[in-house]
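Chain nomenclature is as follows: A, B, C, D and E, assigned in order of appearance, with residue numbering initiated at 1 for each chain independently.
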């Protein structure tokens, strides 16, 4: 009984996985495989991270980063999904824009953020802009590939009833592309978090995890602080993904049922 | 003929360039030099070498191939690991139950923040840089492959079960092809991410590469140089993506044909 | 109503090309129910998809109500051969049926009741709240019939619509189709493999040859109306006609040359 | 935020009545390092408020991006080091230095090597790798001047960019042979890995070298001369305190950096100049010309307020 | 060979639960061909999927060759009702048919020729190089029959395998199934809606009731072998049996109570 139910307990299994990694890193540090001067011991990091959880200033930083993250991600979806549909359904437009888009896609944040600093006089707007820029690509590309995967017969069915292209888009292409889009949004969520922190790091600002990392750089134990703050970024990633997974399960029951994706 | 048609598709490029030139000339902002100025600087940086070396400068010969080499190494490693691990996680609920939090944790971490970790684990230089690239770009492949493998049509899996397909047959002949459209979306995303991570990996403790050149130009306030590096990245991105799409067209031809409508 | 002249369709090009339709001429009057029979893979579905504007003919043309079909005509419904793929898995059965009714001038309640009525007619009132993937094959097929009938199109195209149901249900659906047709004056093209069925429900039976499909027989069915599963099938004309259609379909398989 | 013409921010309620500052709300960037201590002292002790200014100090990571924030308008003024400033000016950006903040003292910026390093003098660095926090900046400039006095040139070593916190680890791993460090990392490296001082980089041509000050855009100076003057007065007052009272600096450090009081008490601090001196700044420009950082000479006075360049 | 005892299956749970199988007991001897008929949606596919180990029964058990089925048994082939979704669109028709043969001790050439032979038997030799989505519905169905027959399983489960082909092809496929069965001593369970077909090909015809499905008739078909499309169907026993099966299927629809 116990073996089975243990494996069925999702959070427990996850905790075991995390504990495993923790022990591995700690062991690597203790045995000198990873020099603790170069990268702190797992236990040291954990201690610092725990202390941060009780640090009001740091919590305010987290909230500020999360605000930019949420706003940026929302805007990303609002921009990238329609753009993906436009490009995915209009091959001529897509092939005309492709060189420009493919040119823009590999511009790194380190080059982008300084330019954004020049263009935006408001820090928050700047953050949102770079988040949307970087996080839109996975949503855009996944939407376009999802559209290619729509069952043609489903589209033909609606067309045969006299529905126009927009109705087909809305009632068939969108629902059947939704699982693809969801994967893109999950990818975008972590990219958005990374960009929010990077923008704070490069641009400074009143508060944010990135700002915290700037300040931490002044400490003699800077590495420990920086890695501990990073741990919290990872924790945010786990939490946000759990939420996304819950929403996806609700929305895509049909998809799971047809594909054995249910677990 | 085909070349002409290929060029025809690029019609928007000169339009954008002209608009860019006009806008930057009108704005007269130091930080936004006109494309012509960027071109001059690019020529100086990379194409003013001796004719017997195809006019490539030392900087071009030293930096571009090194960077592109690391980029490909990183992309290939991320591709192999990402697809393999993604398929495993997609098909094994137990495994994914243990590893999912670690993966979600890992992908929310800004790659530059992990530099000390990689510095500790790997020799500085190429090893560390490739590790950074792999870590930064593996997520789209991993996630897309995982989701693709999780959502294989039930009827296809039942068919392979009923006919007693071996594990490897099931994986290679059924699950992998079904997940292919998603995997390709992931690979395409990570290809340009690889360029970005290539740059990031060359920002710390590095002495060569396109990213190093970008850093060098930024540190020297050489704005045409900064833009020139961005242009090189963009052009590389376009070329790599075009090659990728050509390969995809071959490998996913069944998919395109099966799903096409008038 | 429907006028098809010298319609051809070729899939692909070059040496791998497949000539599916080899010049079809067909006129269907308003309110007629024409059954189409022919060997498997001859091009029946291709013909139907061309009429529905889902396939661009490579030659000839389809004229519907006086205008050439170049996109999907208005006021048309199709029951696809691959019915399971034509239902939307993200919608309940009731929603699947009522969705097309949005094109009609109906409010939500009317759509709902029209959908429920159609589902009841095909014996699926109890499955309205289920999802298509919770239904058996035959039930899915009936949902897609219900969807088409609820829509009350002026032209209804049905591609082997009763292939997955039991004999009794099949007869009920045949009668339902006849009833709905005469109530709402629909024109119907129905593809079937069941020769008895083609004679029982059809005003005409059109027989296609092997690929490239040509019309090798066009028989008028002059059985007394209303038709009835027992008396009609015992009618001497019925027996004669089904033998005739059978001969035409079979003949084609051995000779592959146009007859009639 | 640059224009500052909206009624709220141009309140004339400041001391001095009609002669009050044009713009009273300022956002300024500062690095969380000892250099900016006076800005925080001025804020904490109400010197800004006394001049009718409401100042918000935001941490920034480095001079270059802060300059871009300045030009983009998200900052009104920022701390920056002088090498960055001259580089930016030579690239055509119109900026003005309005306050001097920090100046090097002996042992405030040292070249460090690992505990048992075979490198005993800077002359041994030929062909070696040297970590600096930023390429083409004060670090490389100062290290190069040390190399020169030992008969080497910048080309004889390879400069690698690493963040200060990573340097000790890289020294220990042997990835770099020497590292140019400042406080508190200097002290931390000595205690953690036993790093040894190879050379003080602020001697000879770089003795008492000007390090950092506050800059604004030229446009800002022109449009807000009274604000600038008020700001300068407040900072100068704080510089006085910082220069004369180490305790005051030690107290303020933990409030805006992650340097704790104990560390603050032992680290080597630079000095806090009380005036903005053109000839001192000129040394930076001249050394930059000499080492090829600047293609043509720049006169320091052109980037001080009052001189319109 | 196959022994099913008190098999039940319920989809879902709580108030929305659907009792598909209501206690099925069935024994099939080796080499037997058992046809299963029953009204649409009664649970035939559910029964078949339980036998194939694709569905965990909620009660009772399935024993195959002496061992309880808890996962998909070896040496089994299925022709799915939804044949089009069971073909792999990324493989050619020939590859679809030959892929399962890798389990057999066959080299590449043998697999290829076995696949070609099976395709020829179903009349699709010319379509070997095509992809499934380039075929008509009936052709796809024949590919999936060819795949199952080429595999030569000891137990073959067929879910309405001949529903999408024309009458002539259907007869050919029926005869092909009978031939392959006797050559290779397969045990076959065949679900069909065509009562004539069930009597023509079956050694036994099992009739299921409406949901929850129970066995309401189990008729032995003692028609002389070899069967023949013309003489067998004219045999007086045939006529009698089909009437009997028809009565059982129909009866159930009105009474819904177990009979026989």
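General observations
The definition used in the following text is that a residue touches a chain if its C-beta (ideal position, glycine included) is under 8 Å from a C-beta of that chain, and two chains touch if they have at least 3 such contacts.
Which chain is which protein? Per UniProt: A = ABC transporter permease; B = Nitrate ABC transporter permease; C, E = ABC transporter.
Model, not experiment: these values are computed from the prediction.
Using the contact threshold fixed earlier, the set of chains in contact with both chain D and chain E is B.
Think of each touching pair as a link: the shortest run of links from chain B to chain E has 1 of them.
Remark: among chain pairs A-B and A-C, A-B carries the greater number of C-beta contacts. Set against the Cα centre of chain C, the chain with the most distant centre is D. Computed from the mean C-alpha positions, the centre of chain A lies at a distance of 48 Å from the centre of chain E. With centres set at the average Cα position, the gap from chain B to chain D is 38 Å. With touch defined as above, residues shared between interfaces to two or more other chains in chain D number as follows: 64, 68, 71, 163, 165-166, 169-170, 173. In chain E, the positions touching at least two other chains are 82, 85. Each of the following residues of chain A touches two or more other chains: 35, 38-39, 114, 118, 151, 156, 201, 223, 226, 255, 257-258. Within the complex formed with chain A, the chain D residues making contact are 1-2, 29, 31-33, 56, 58-61, 64-66, 68-69, 71-74, 163-166, 168-170, 172-173, 184-185, 187-188, 192-193, 256-259, 263.
Here chain B touches chain E in the complex through residues 153, 155-156, 158-159, 161-166, 169, 173-174, 177, 180, 254-255, 257-258, going by the rule given at the top. The touching residues of chain D, when paired with chain B in their complex, are 64, 68, 71, 87-88, 90-93, 131, 134-137, 158, 160-163, 165-166, 169-170, 173, 175-176. Contact residues on chain E toward chain C in their complex (touch as defined above): 11, 18, 37-45, 81-82, 84-85, 134-139, 142, 159-160, 163-170, 193-195, 246, 249-250, 253. Those residues of chain E whose C-beta lies close enough to touch chain B in the complex are 49, 52-54, 72, 74-78, 80, 82, 85-86, 88-91, 99-100, 102-103, 131, 133, 147, 151.
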